[in-house]
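Just below sit the structures, each encoded as structure tokens.
The two complexes that follow have subunit A in common; it is paired with subunit B in the first and with subunit C in the second.
After this line comes the complex of A and B, so read on.
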């Protein structure tokens, strides 16, 4: 009988990880040099969306607190980050800020960290309702927080320039920033999922009363879930602004929130690889399929431009997935080297072992 | 000041009717299926759009446009129930699955309309009869305000009677309290659900007509704000309680108008904040709402 499980000796494992990392870095370097314009944009957006998905999945999938408030949190983080990186002259001409904030210029990494912290602080407004309300009532409350944040951003003209929005934001986001942070996030979330915290959270998500009876401190772990999730989500929001270079209060509206929810729904809730898969599918679909909604000629028929067709198709796909595969494409399983090897490369060996 | 307030109250009544009529749909569907029908705002929008298309674009008489609007929104509600909510709820799927499906349905419906008509504001046709104004003791009251108020109150009374005494109405209340027991005593929960969706969607269509008459505009994203506000009204009135939803709608409608009227003008852009702050106050202090809700309490509280 052959040994099905790959040899997990320490040396081999390190070697495998190194080879894997080298391949990934190679692909990224290739992407950095070869991809330009539109395709580079899609590639970067995939990374940013994937980070957001991973952050959202901590509260929405693992702890099963279905929050739509992350749009508001991303907005908060994005505005914070922008205040740190905008050129001083632009800030002077459009915003009325306190002097120290106006002259503030910080390196991107510092701005990212601060915006993550601000995201965590602003998630307090989500944490409070999360302890009182359940089910749809919390969903509604979190959605309200989203709308309230947008409304505040529109009205606090001194800091946000209101609905006119901000421009001239430096383009800091590149392949290395996005994918470096994505790699860190993936590493962190996979470790987190298997740690004491992650397992406690999943237990709370499955049955809160049972988890409390087992001695899990529900309040503490829910707060942890919001802190970690909001930090990651906030960073992705900050990256997003420095990719687009402009900012206005409606960028993270319910439509954006729906996209992230769709990614998690399609990929599979409670799975890191599922979140990545969902982000990849939805990002690719919404951007690469864009030409079909701009009208084309099909066998002498002129198909008129139908702006919004993408959203309609996406909605139909999500409804169908919710009807036929409510757990998403891969559910809460993970795609790993071992699972691929056992299922596709060596299925025969597995059967032998079973028999 | 007294005159000004009275005028604002008159203005607030039609907004209250819009919210009240919408809130009834939310409250019935939440009571029976235990879910927020997120697409309700879009049913509302489609109703207004059909009336606009029929009478302003095709040139039909306004009344026919209004009837078409009611029929279409009812049909959309029925189709939603048949093809989105029934497949997801009958599989005993977790609540959030149904929620995501309803969120998707809302986005999808909105963008279907946007696809063909773009997200542009259009003038809603208002028949000349409704433009007539009366001056009562210094307060201008439009004929449409009176008609809207009377129609809303009439419909509300009929509905309250229907829910209380008719067989379907009793079935609805039974199913929203306990679906399994209701089925055991012979209530056809499927029929009752369809009835709730049909009544709710027809009222959303009516509410859309009221919206068009009092604001005079339609656009594909018009359903978002009244939709969410109406749900808050349903929560305020005690979810599942039809009369409560109507009264909640009037309270929030009048409250919102008074918020804008009484506070300094610099605060009026914060109008959405008022509504959501109210929601938080309700949810923290009295989540069961002002009137007796017709659902079990464990669903609300932690």
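After this line comes the complex of A and C, so read on.
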């Protein structure tokens, strides 16, 4: 369905892409200058969550290896990144590090890349059970790995300061870092999905025996899936910790993991735009609807504060979507220029085409 | 010239011997049939030949190379391609998308090439789409190219399955019950396709089939299996007159008499 409009010449396409990019950059510049405090935070969190969703979708949606272990991988990546960027004096006073690490101050970009690589290396602990376990058994094993990583962070006090956590982390994350990396990730995953590599992963996800019979090296591609997915997820974790400015071992716990899974489930697994949509809906819902759990007056009726109401409502939303749209809001399809044009802008033209 | 030579293939599942000492050879451009009652081990033989199961003993020489025990993607990439009894199409994807992964081995570009959309990448992808259109045209199902496979009739799904195997450029094609679940008209279409593959494209085939009308009309040689071993081999005429074959399918005369009340 790539060429719905055959006289869409190359020049026109480039022009369209440029206009689209200009609009996006304009919106980002506006957000960068106008948004402050809470709303800027929500805007950044959407970007960070969206990157995490795209990374997770490579293993969980395309290759269909349902893993809950990415929280542990994000934790590893985030701690690595923090060790590279924390002020030397703070490291001296709170952590017991080797001298070279204590004096290390790296630029943010380098720290991000290294934390991505550490994420890939730590994903080995997920890859190994992925070849021996299937289905629910692997889900449980990966959940266990998540908890193991958290406990590791609690107990490795020399590097993580244990449950007391770390503060004074420089706020490197801004609109341009988050959305620049999000744009790169979207570009990468879209192209990946449409190449032979993505198709191989999808085939493995649908039916492993079939994929092998089609000449796809299942073992190799499962490793690829974890390498690529973990790298993206790790970068997202590193961005997150430089947005909040503080770090403790429980930030990427199962609660966080289930939020990301909910985003994929709501938006539609196996779709780039679906992941973005899901991330937008869940992030906006959990943050912007927060005032309702702090108590309000309804028709002279005082509703007391109900802390945790958001989590309950989120669960209700997810259950409703699972009942009425089990594949997520847009399933494995993609929202593109053409699909928007056919469905919303010019529905008449589409009907004429059909008839 | 032999393209496929299987000797002494044996497989045990626990205490059950699924296949024992299976010998088989296939000449270039030959069309052989593999029949036998349910549970005779026909599909297990296919699984052993393509590496989905590892044989306990024996060798699978394909064009002079031993494939026994190698992972399934190796044999597929060398040109020993199979289809499955229960079709195994990827649900909720179009016919086009179902055929694309079959080109995995034939197309080679790097990940970086795919990311940057190099001219080479575009050329290879266009060639792939053209080949798919060509294959679908041969099968006469090109009108379904962008349909969801789950919505298609069973007969068309069978053709898509064979088309997918054909996309892998096979030298030897192993078809596992290609006409199961089809009506006589659809079965005839599949028979014509099989004949076309064999005669016009020069593909050697091994066909597992329960439909005797189909197997007797297309095969030049038939192998009969029973409880894991070969009990007869020959032309369709010889197989039809073979008393052993009649016994495994219909039971012995004495058994028949006992059941029928004796005469």
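What to note about this one:
Quick note on the criterion: the second predicted complex is superposed on the first by the 349 of 355 C-alpha atoms of A that agree within 3 Å, B and C clash if a C-alpha of one lies under 4 Å from a C-alpha of the other, contacts with A are read in each partner's own complex, and residues count from 1 in each chain.
Definition applied: a contact is a pair of C-beta atoms (placed from the backbone, for glycine too) under 8 Å apart; a residue touches a chain by one contact, two chains touch by 3 or more.
Note that the structure is a prediction, hence the values are computed from the model and not measured.
Once the two complexes are overlaid through subunit A, subunit B and subunit C fit side by side, free of any clash as defined at the top of the document.
When the shared chain is aligned, subunit B comes close enough to touch A:137, but subunit C does not.
In the superposed model, A:167 lies in contact with neither subunit B nor subunit C.
More subunit A residues lie in contact with B than with the other chain of the pair subunit B and subunit C. Geometry note, superposition on chain A: angle between subunit B and subunit C about the Cα centre of subunit A is 80 degrees, to the nearest 10. Once the two complexes are overlaid on the shared chain, A:333 sits clear of subunit B and of subunit C alike. Residue contacts after overlaying the shared chain place A:192 against subunit C, while subunit B stays out of touching range. Look at A:16: by the touch rule set out above, it reaches neither subunit B nor subunit C. Touch criterion met: A:202 reaches subunit C, while subunit B stays clear of it. Of all C-alpha pairs spanning subunit B and subunit C in the superposed arrangement, the closest lie 12 Å apart. Comparing the two complexes, no residue of subunit A contacts subunit B in one case and subunit C in the other.
On the side of subunit B, the complex with subunit A involves touching residues 30, 34-36, 84, 87-88, 91, 93-101, 103-105, 107-108, 111-112, 114-116, 118, 224, 228, 231-232, 235, 269-270, 272-273, 276, 279-280, 283-284, 287, 299-302.
Of all the residues in subunit A, the ones that touch subunit C in their complex are 1, 187-188, 191-192, 194-197, 199-200, 202-203, 206-207, 209-219, 332. Within the complex, the subunit C residues that touch subunit A are 50-52, 71-73, 76-77, 81-82, 84, 88, 90-93, 97, 100-105, 107, 109, 111, 114-115, 117, 121, 146, 164, 168. Subunit A makes touch with subunit B in their complex at residues 64, 66, 129, 131-137, 139-141, 143-145, 147-148, 151-152, 154-155, 254-255, 258, 261-262, 265, 293, 306-309, 311-312, 314-316, 318-319, 322-323, 326.
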